[in-house]
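In what comes next, chain A is part of two complexes: it sits with chain B in the first one and with chain C in the second one.
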Partner chain A sequence: MLELSSNRHNPGIDPALHAWGWEIPVYLFLGGMVAGLLVLGGFHILKGRNDPHAEAYPWAPMLGVVLLSAGMGTLFLDLSHKLYVWRLYLTFQPTSPMSWGAWILLLVYPALLLAALLHPPETVPFGDAVLARAKVWSRWLRMRPRLVQAIGAANLLGGVSLGIYTGILLGSLGARPLWNSAILGPLFLFSGLSTAAAALHLLSMLSKRQVKGQFGDALLGGFFKLLDPKAGGEAMLRADTSFLTIELGIMALWLLGLLTATSVHREAAALLLSGDYAPAFWALVIITGILTPLFIQTAELSGKIRHTAAPAVLVIIGGFALRWILVSAGQTSHW
Partner chain B sequence: MSRLAMVIDTALCVGCSDCVVACKTENNVPEGYCRDWITESVRGEFPTVGLEIRSERCNHCTDAPCVSCCPTGASHVHDFGGVVLVEHDKCIGCKACIAACPYDARFGNPEGYADKCTFCIHRVEKGLLPACVSVCPTHCMHFGDLEDPESEVSKLLHSRPNHTLLPEAGTKPNVYYLTKG
Partner chain C sequence: MDAPFYKFGLFGDNASLLVAFVIGLGFGFFLERGGFGSGNKLARQFYFRDMAVLKVMFTAIVTAMLGVFWLSRVGFMDLSQVYLVPTHLGPQVLGGLVLGLGFVVGGYCPGTSIVAAATGRVDAMVYMAGMFAGMVMVGFAMPAMDGFLSSGDYGQVTLAKQWNVSYGVLVTLVVFMAVAAFLASEWAEVKTGSRELTSQPLLGMKGLTRSRGLMLAFIGVGVVAATAGSPYRGHDVRVNEKELGQMVSRQADHVTVDDLAGRLIAGTNVPRLIDLREPGEFGRYHLPGAENVPMATLASAQWRADESVLLYSGSDAHAEQAWLMLKARRLPQVYTVEGGLDAWNDRVLFPRLTENPAPGEVDAQKRKVAVSKHFGGTPRGGAAPGEVKDAAMSLPPPPPAEVPAGGDAAPKKKAKKEGC
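After this line comes the complex of A and B, so read on.
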């Protein structure tokens, strides 16, 4: 038996660590979605396709700019010494994932804006003069295929970096056993890809461009269709489920790693599998966010049920719940 | 290069909290917060139960995760004695260091920056002992340079059984606890 009693009662530390509130999970969710949008948009640009099945992709960079700005806003709100935020950009600390992230966020902005410039909207509510100028620049850019390819590559690399960094940010904090795994990087990347694809799907539905029967293209399959435009029906079905399936597989590996490590890591995994966070984890992340969308989508693709926006909404709920639960549960896990 | 360390004799510590009060007074620690604290650890099964009373604080780890995760370099290892410090004007209050510490030794100062024990470096650089060490009524706390084999702390660690907190976390703490052995 080991019983510890302490007279320390530091706010935010005791009885359990609560350093990060709502701002960080919101940022991680938005950052992950932007990472997915960058990757999907980057592939779209690199392939140079004007695919009618992927009409939502030109919107990816603009949606990304909005979401990234919102995410950076929540990051700023989380800082408790806000006036010194500029200190982030006077240095580069190679051992700090947060320092990497600060610079990645800064570099992602121009990549997103250049990608948005490649596909300016037809009309905007305000600023016709700006739009006209943007269209001039857009034509100038599109006449330079190598520059367009470079923008696509920058979006793709920026997206992968941003997506992985959000996971590594938590994974590098060894004091919190639940987070202490580098596999959180790929997990957050694929979760970000699935939420981004879902967001694009919703966007295309809102813009009333969604074509019945091409749900797979818009939700998840578009990414792989861009990779292989000649992909057939069976390949398409695999592509539709790929991001979520990979995410589920990575999550299983992550939990397996914790369960086969030290006792503190097993206790951390138990928080999600059978402990205080288990109901939310199973209900919101696994069932709502992954298994149900996979099931509905498969049924939709086989023509058994009518296509709806439900899977996309569920994927987004699941992606957000994953970050929220992970940040909360991770802070309570300790050595 | 020196390596400052604290050695605390748990056989003498009575948990009076004088060290806590001295630290709060010396360092003007905000009300409701503390940089050091008393932990009572009870181990074993009745009737063979052992009690260890410890004065705990930042361990000024040699491999400090709070330093490596800091995005601005505000958390740093001081040139003198390898003491881990926070430069307030560089800290942005991201709280990564707070989450990175396996000892939960850091906290967010109400003014916004990350706060923790400094080994009273402002006193040590003047040749004085840390406030907590200087007031201890049982003289259970010792402070000095581990790189000097003739220092009091080096001799104590060589002559008495001792342990650090959470050595399995791999941070190489520089606060040691002497046990009865």
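After this line comes the complex of A and C, so read on.
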């Protein structure tokens, strides 16, 4: 008997399109963290012309460059036709988030490098000659306050664009109801800000470790002593607390939006809230990544418990889990 | 509400993972707060200088034991649903020795090493790395150890069964053992000079410290347990194999569907009819006058000692199992409907008629049609008046709860039967 399968029993109609593997969530995580570093750095430059604490994180822009390169590396690995990557830069398509992303990623590099040049580190383990030349340029830059402000503004703007773009990249895909919300832009921006603040906080905590001659401590302390941030991590702790709170609020809005939309969107939200991704989402993103660090940080800020690197590590785990789960669950959700 | 919640389907697999996460969070938190994140503190245990580990473990064991016992005893929890690790004596003795050795040398047991690592202790991280490396090695060595690991299988052993005492008595014994251990460890701590007994008196009573108050509470709740009966639900039953075997071989354990149909129509000598299927199936169709008692609830159903019970399900299996259960409860008159509802449908509701019945079979054929019509069915085949050949076997709507008292077919049939 010849049977025509004209509905969704046909596997070709609803293909399980898990086209994105590990590369995309890793890139979204790194890109988000770089966006956060840009915003925090740009804000400090703009605010701190006369503020000694403005020089708090000389390594933040450098860290940004490294992470951005790693993130773009994963994007490159994801490309099917790697040799044609240059073609992205022959055109600009204002309606394509991909095109926006390609150009934003390119333009963010000079902003990060200039910010790094504004605050060169005191010493580097090698390359003293390069550092000396950089310091000459740094002095030249810092004598021009308007230029410094422009660099700060470029960092801030670049960071916001990059952070929002990573969310819009997913949000513009109408075929995936879980992602199909413009609020993913701000969500990823604030998640990126919280992971960036956590990363800086982590660096400041680790670099404060006393070298006591014990094996592990000596290893970590000796390495992080190089980073030598001048201010404590308290500012980052405060910033992180507000970012996490805002992130939680935006996430609630996003899920509420899905739950009050069509049944397709409700099913998509149920993937995270009660479905197959629920254990990971609740355990890793909400409890580990947001609520626990919020709880610990609040206790730390009110002086009830000692400052540790623990909340920073948890926030970074949560930020990564958010991208990973969202990319996997989104590819499962369908019309 | 019934515990264990997961086994009773209160939540699914996904929620169970989340519950596990939250429990783990609490477990880790309290281990750390109990001081178990410190290898030094744990190691002091073995020098009798700081007995916190022993006290915490015994408190946890006694609290959980009393909780499980009493929650089961009052019917909130079904203890038979709690998994018991089977006993493999040799492998478990060896495993215990390996764990103890690692504990003494490294200062951590698996759980506390994770807690300590989470608080940033490098020694615990190294310990954890060793633990996971060991797991990988054991994983690879598994095929070689398979014979040893499954040796000495004693099944699910409990001390109560082993010693033939009641669970309540065992609970009391463990409570006394724990309290003795508490007192001994306090004594040891004072003896080794690592602690002075300076606790606050409880309720203004001198000599009654908070920990001693806890011990008294344990003793109180534990001693009552000795007389409280078994925490397990259900009953252990005995059957008389010989008697049951004879009943089955005499075919005294069942009635046929034709016999049942006759009794229902006559309205006399109808036993209590029990439908063992699920409520949904029962709702679609059931025998006239039947009660719905699904298999899972059979154990809690109430019976009069002298009543006669007729069990049926879709086919034979469930009815026969239920028959054994009720016989084990000493009900004298329990029967099954042979072939169950399948046979009822096949022979009573939708009987097959032959095309040209022999003269002697005409009456029987007519009776079949009448009986089938009486119960709302349709005969198949044959030349019975007013019926469709090979009609779809659609079940009639479920009959009213009572047995129809004297339908119009009943007296006719009765008369015919007498005529034969």
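FYI, the second predicted complex is superposed on the first by the 280 of 335 C-alpha atoms of A that agree within 3 Å, B and C clash if a C-alpha of one lies under 4 Å from a C-alpha of the other, contacts with A are read in each partner's own complex, and residues count from 1 in each chain.
Please note the rule applied: contacts are C-beta pairs under 8 Å (C-beta built on N, C-alpha and C of every residue); 3 or more make two chains touch, one makes a residue touch a chain.
From a predicted model like this one, the values you see are computed outputs, not experimental measurements.
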Which of chain B and chain C A:P279 touches, first, second, both or neither: second
First, second, both or neither for A:L106, with chain B first and chain C second: neither
Chain B versus chain C as contact partner of A:A132, first or second or both or neither: neither
Partner chain in contact with A:S96 - chain B first, chain C second, else both or neither: first
Superposed model, chain A: greater residue contact from chain B or chain C: B
Contacts of A:A252 with chain B and chain C, given as first, second, both or neither: neither
Which superposed partner A:H334 touches (first chain B, second chain C, both, neither): first
Chain B/chain C common contact set on chain A: none
Chain A-facing residues of chain C, complex: 14-15, 17-18, 21-22, 25, 118-120, 122, 125
Parts of chain A lying in touch with chain B, wherever the complex brings them together: 1-14, 17, 19-20, 78-82, 84-85, 87-88, 90-91, 93, 95-99, 101-102, 172-176, 262, 331, 334-335
Chain A - residues contacting chain C, complex: 214-217, 274-276, 278-279, 282-283, 287, 308-310
Touch list for chain B against partner chain A, complex: 17, 20, 32-34, 37-45, 56, 65, 68-74, 89-96, 98-102, 104, 106-108, 111-113, 166, 168-170
